[in-house]
Amino acid sequence: MTALDNLLLISAVTLVIAVLAGNSRVGGWLVTIMYALQGAALMMMSGLGYSTLTMVQSSFSIEVLSQQLLWRFDALSWFFALITIGAGLFCSWFASGEWGEKYRDNGGSLRLFHGALALNVFSMLVLLASGDLLTLFIGWELVSWASFLIMALAGGKAFGYAMRYISYAFAGAMALLGGLLLIYAEVGSFDFQSLKEAVPTMSSATLWLLVVLLTAGFGVKMAILPFHLWQAKAYAETPGPGAAFLGAISSRMGLFAFIVVIVQLIGISRLVEMKIPFTFLDAQDLLAWIAVFTIIIPTYIALRQHDARRLLAWHGVGQTGYMLLGIVIANDLGSAGGLMHVFNYATYQAMLFMVVIAVIHRTGTSNLNKLGGLFTRMPLSYLAMLVGIIGLAGLPPMNGFVSKWLIYRSLIVDGSPLLFLGAVIGTLGTILSVYKLIHNIFLGQLRVEHVAVREAPLSMVIPMMLLAAVVFVTGYFPGLVLDWTSAVQASIGIPVLAHHLGGIDMKGGLDMIWIVSVLLVGFGFGTLVFFLGGRSKRVHQLDNYAGGHFLTAETRYHYSDNFYPGLMHLIGPWYRNSFEWLERGLISAVDTLSTAMQGLYRNAHPSYLLLAVVVFALSWVIV
Amino acid sequence: MEVVVLIVVIVMLLSAVAVMLFKDFLAALAAMTVVSLGLSFLFVVVRAPDVAMTEAAIGAGLSSLLFALALRRLGLWRSQ
Amino acid sequence: MNLLVLMIALPLLAAFLLSIIDRASSFAARVIGPLVLLATAAIGLSVWSQLGDAPQAVQWGGFQAPLGITLYADQFGLLFALAMTIGTLLLWPRSTGNQLRSSSLALLLAGTGSGLALSGDLFNIYVFYELMTVVSYGLIASRGTSGSFASTLRYLVISGFGAALALAGIALVYQATGTLNLAQLAQVAPEKLNNLQGFAAFVLMLVGFGVKAELFPVNMWVPEVYATASSRVSALLAGVVSKLALLIIMRLLILVFHQPEALTVLLVLGILGVATGELAAWRARDLNRMLAFSSIGQLGVMFIALSIPGNAGIFAALAVAVHHLFLKPAMFLLAARWGGSIRRLCGAAKTSPVAAGLFVLLSLSLIGVPPLPGFWAKLLVIMPLLTLDQPLYYFAVFIILAAASLEANYLFRVVMKLYDKQPTAVPHKAHATADLATAVFLGGGLIAAVFMLVPLADRLDSIAAQATDVSTYIQTVAPQSLEGDVQ
Amino acid sequence: MRRFTAALFLIGLGVMIAAIYQHMDFSNTALNAGQAINSVAAQETGAANFVTSVVLAYRGIDTLLELTILFTAAMIGGMVLGKRRVDAPRDPDAGFILRTGADLLFPLLLVVGLYIILHGHLTPGGGFQGGVILASAFFLPLLARPGSSINQDVISIVEGLAGATFILIGLLAMSEGYEFLSPLFDKGELGALISAGSLPVLYLAVGIKVGSELAGLLAHLAEAEAVD
Amino acid sequence: MSMEFLDGNTILYSAAFGLMLIGIGGIVISNHLMRIIFGIALLEAGANLLLLLSTYHEGASAPIIVDGIIPAMMADPVPQALVLTAIVIGVGILALALSLAIRVQRAYGTLDMREVRLRLEQEICDEAGIEMPSSSEKPAEVIKTPVNSVVQQESGS
């Protein structure tokens, strides 16, 4: 029994416990403890995260169709597994308290919810542990169908979105399968190592086909353009903490597989050699530009959302672009930034979703137009969201700043000003929309119906606070995470970023300990002035007046509808629907073909077709 | 001998075409019987008396009877 | 003397005598059919257990090989013979009003199917095939609705047409070689059938035997028949009978027809079958026809697999066929209650959770989600296709993968309906216990296959190896040479 | 349009057949199983008619299956056409000549049919041809008297027993240690009526079975309700 | 046209192929069920003749020993037995086809295969509880797939 065996076994046991005991009162807590145990098992392998250990094999291995199926963990898997188990732990914790009781009272099955969550974690660990291309595909499919399960739990509208997801995901998986089998046909093995050795001898055409198929396959899961349509709605409709979990880590599995196959095995340098004919671009540029558009377009779609969960989910699509961008740039800065962004994003995305779910738990709605002023009612949640959006927007002192800084810096070092510009445009949109989020929920006028709202229960607040602490601490000491990313960089064969606890040493480097400390001092000084100045006076939240008139609670002066009208007017109409037209066009094309085929089976005289075939066959032989 | 065979074959093929072209099913049935009988003759020519007997009894006799009964039941019996 | 013959003779005897037995005791008539099939299955299993690596050949009537008719039992044939017998036993057709006739038809089907799988003589195969066709007409029509008669008639027209062409193909083969024994044909085929006449014979026979195997241009009967026949009959036809027709084509391909053009024809027709079947299923609005179209698609995959030269193709086709053998009957059994409009299935999972769960499992395996057996079967087809490195084979891979994503979409549309929370106005009837039990048994077989993947794959590989071993076939049958007997 | 495409395909088919034609060698059948049978059949089966030898001995299983096809077809025919309603209109009564003719022909046909069946191993003819004649013998009275009917129960018993006899003879051979359907009994003198072992018995079973099934089928068709 | 071309074999083979061709033509061109059944019968007759001709030698005698005299060259008895079998099978299937035709006509009142197909489709649809698709309908309106409806909702949001 190796450490990896232990981890997978504990994860499987978690699944069993979740299914058996999920409905009982203590079931959720049991499962949460099991996730903690998984975390402990993962820590047994923590050498992977600090380059003291290169690989942990699983002793379980079978041979099928003369293919040896292997499972193992390396630094990359360990890094992603850490995020996965962490997300599972916090989400399960979040779900175990009052949220779960309410979910059950509303007719949901907690057994299914915890089971689906545990299945997701388990299947992700299996995917992360894959030791060859075939096990990679097996894990891939497991992950896809596990997320399908958790998405479809809510029923009703969620069914439609889950259906859409699985249509995309399965088509992507088939593209992936085609790519993997193409590799098998070229290399004669599903082995990672033999692929790596065979890449230099592959023809450019084969490589192009491979890269397109594989990127499409992984891209569907990552929801990069043009496969981004499914994700936001499917995640948003997932019940409660499930959304947080999916948002935090699920689509990162696509990135993991992308890193393993494209970056580690095929290699970015090989992509650079693949020129696009008649242009000055190559495959790497293509991927980078896809990443940039994946940042921009979904972020501005997020701006238009009226539902907090959808807004966050759309951001999830956009943030993927940063990670992909950083990793595709593939210098020490960029890849460290991309990888770190995976971690950072998972922390604040999970936290933001938790806040929104807590708000839904208390108020019953996530409609941004029907909320407001909850700051005084749910101060801790407000604090968590504040931390989260600062992270999401990529501002100091939170960890999001570090990863984005690394990515920007890598673009500058790489000499790609246009990509840099695109990324900045994306960040702008992010800032605008996260402001909308916090403003419409927590700031402004409190609604009358929300006067009695209380702070979220402890079972929700504690996970949020812990995550907030993580966001802040890793922002303060980014070296904690950079240690792990360096291990990953070393294991996937990318130059390792030299760093220290506070940031990186280079010309124009970054030291977050300094920056944050200065910020804290400044902030503390401001607070001091605020309180010592004594100019402020506390009034009741509903005690408002304007222009000399008292405003009653019924009067709406909190203009949460129609945010950013000018901007929306400018960019609104053209940037989104084209992809939906594409999707709809594809569906109706298949529909038309399908009708034609049904007509063929219904009406055609079989002997016509038969004769056509016979004549075809013979004329072909004779000629 | 070959001339006789040739004539029988021609008559047979013409009858076969007639089966497909006659509007009246009864006439088509009659043509079908002619085909069967011609076939029966050809079977004799190729030294297969057993088959020839069978074709005459089953192809020309029984099948025609079956067709006739069916045409009657289907209301296609009347000449047009 | 070999008991194998009884696998064919006993069910026929029982079928002849069933109506007479019924006069004496209707209870005896009801139990005797299943009992006979149990006995034949036992015989088959005992032969299987002693078969090992050495196939057996039995001469009907004890005449020397090319003169008499040979019964050739290798694992390949016996597997399908057993599948036919056990399949009929599991899917024993029920019919209100025509039970006696249905029972004798079922017995006949089992007997003929076994014979078809084991026969080693071209014309004998034709006769077995015709008998099986006639029996299927009876089974389809035994439902007694006017729709079932009309679809039988349409089936009959296509089938009669195909059978006549197959007969012409046999005539061409006999004309060229002067023998009908498959072992002897295997001896002389490279010399005498490797020409245009041989190819024409192949195409004619492919069309003839392809009718039952749902080969593309002659499968127009499929949706109507499966929509109008009773679900157990559909299960038998789609699950088992189509595989037997496929087996014949495989045998012919292995032993007699070695033209590369033959493989290309199979490939093209297979691709067309997959494309038309899966596309048509995409918009099917009733479950029966959806399953029928998807069955066309699956058979198309098998034909694509057959077009791979050598052992790999037979292995792949065998794997897909065995997978489909378990899967489709179970699906049709579930469609017994859910056969109507898909829209009406809203909330059916509440009434029959086991059936719904099973449907999900079957769907997942059908579209090939690892680690279910459907995935491995698909892998076996695609892997050799890509190594062949020809544009048409690449296209076939594309079609198979695209078809799988269509399949995932339309099958899960049904699943979503099943689990939809708003129930329909019409309450759902739960499945009959026998149907559900059989379906669960078949689904359990799929799950068991996941855990026995390695031995199963080895076994199928050895079966395929035995099936493609032409020299053993010739040696076992040992046809007497015709050289010295020319007058 | 339909006819045009059809014509196009027919032309294509014609081209195909012409192509096969060109490549077909009409006289390359020097080696064949039939010639081998011709040289050994007389000793192996004892029947003077080699076609009968092939039908009943060398390819006996084919014949059994063929009988089964007829059996099945008759059964399905009965199932499809169903029982006649009592009040369904009947054909008009046949005339005096037909009735008398049928009465006269019945014994004659019976004898001829049996003769052909029993001489199947010696001369052309046999169970199939004789069976058809037997069937017509039983069917003629039905044509002559539309009110009457053939007793389908009796037919089903007869055909069941005849088919079973065929198989049981085959099983008998197995019980004696031969293969299924091996020829049994003394071969006798070539050309004699009582010769060729079990073949005449088999042919009798075939004849009776074919006769009863075809009579049953004809009766079903004749009894089917007419469309006005 | 010389007589060499028109030797016995050629004439006989022409008859066989001709019958098959006419049969196929009938099946392809005609819509009437009886005509199709006739076509199948012709096709089968042609195939039977082809089978019988496959090993035919001119000058052979029938494979029957009359009065103990064994002829020098006998015709091949195998195809004869096969054709015998095929003819009987053919008549069985013919009877079946006719019975079905009678029954179908009683139910649908027509033997035109196009009509029959239409009525059959109607019956299947009625039984399944779905609307009969008509060719005039636009494909996209017939059925709303979940994916489709998602798209529509989305475009409205």
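Lettered A, B, C, D and E in written order, each chain numbered from 1.
One rule holds in what follows: a residue touches a chain if its C-beta (ideal position, glycine included) is under 8 Å from a C-beta of that chain, and two chains touch if they have at least 3 such contacts.
Model, not experiment: these values are computed from the prediction.
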Distance in touch steps, counted as few as possible, from chain B out to chain C: 2
Chain nearest the global centroid, as defined over all protein CA atoms shown: C
Which of A-C and B-D has more C-beta contact pairs: A-C
Computed distance of Cα centres, chain D from chain C, in Å: 30
Geometric centre distance via CA averages, chain E-chain B, whole Å: 17
Chain centre separation (chain A, chain E; CA means) in Å: 60
Computed distance of Cα centres, chain E from chain C, in Å: 22
Multi-partner residues of chain C (each touching 2 or more other chains): 123, 127, 130, 134, 137, 141, 149, 161, 172, 174-175, 178, 180, 196, 200, 283, 409, 413, 416, 487
Multi-partner residues of chain E (at least 2 other chains): 20, 23-25, 27-29, 48, 53-55, 62-64, 75, 78-80, 82, 84-85, 87-89, 91-93, 95-96, 98-103, 105, 117, 121, 139, 142-143, 145-147
Two or more partner chains touched - positions in chain A: 159-160, 163, 167, 591, 594-595, 598, 602, 607-608, 611-612, 614, 618, 622
Chain C residues within the chain E interface of the complex: 123, 127, 130, 134, 137, 141, 145-147, 149-154, 156-157, 160-161, 163-165, 167-168, 170-172, 174-175, 178, 180, 224, 227-228, 283, 285-286, 288-289, 339-341, 343-344, 409, 413, 416, 487
Chain D to chain C touching residues, read off their complex: 16, 19-20, 23-25, 28-40, 44, 57-62, 64-66, 68-69, 71-73, 75-76, 78-80, 156-157, 159-161, 163-164, 167-168, 170-171, 173-174, 177-183
Residues of chain D touching chain B in the complex: 49, 51-52, 91, 124-126, 128-129, 132-133, 135-136, 139, 214, 217-218, 221-222, 224-228
Contacting residues of chain C [partner chain A, same complex]: 158, 161, 196, 199-200, 203, 207, 216-223, 261, 265, 269, 275-277, 279-284, 293, 364, 367, 369-371, 375-376, 379-380, 382-383, 386-387, 389, 397-398, 401-402, 404-406, 408-409, 412-413, 416, 419-421, 453-454, 457
Chain E contact footprint on chain D (complex, rising order): 2-3, 6, 9-10, 13-14, 17, 21, 24, 26-27, 29, 32-35, 37-38, 41-42, 48-51, 53-55, 58-59, 62-63, 66, 69-70, 72-74, 76-77, 80-82, 122-124, 128, 190-191, 210, 214, 217, 220-221, 224-225, 227
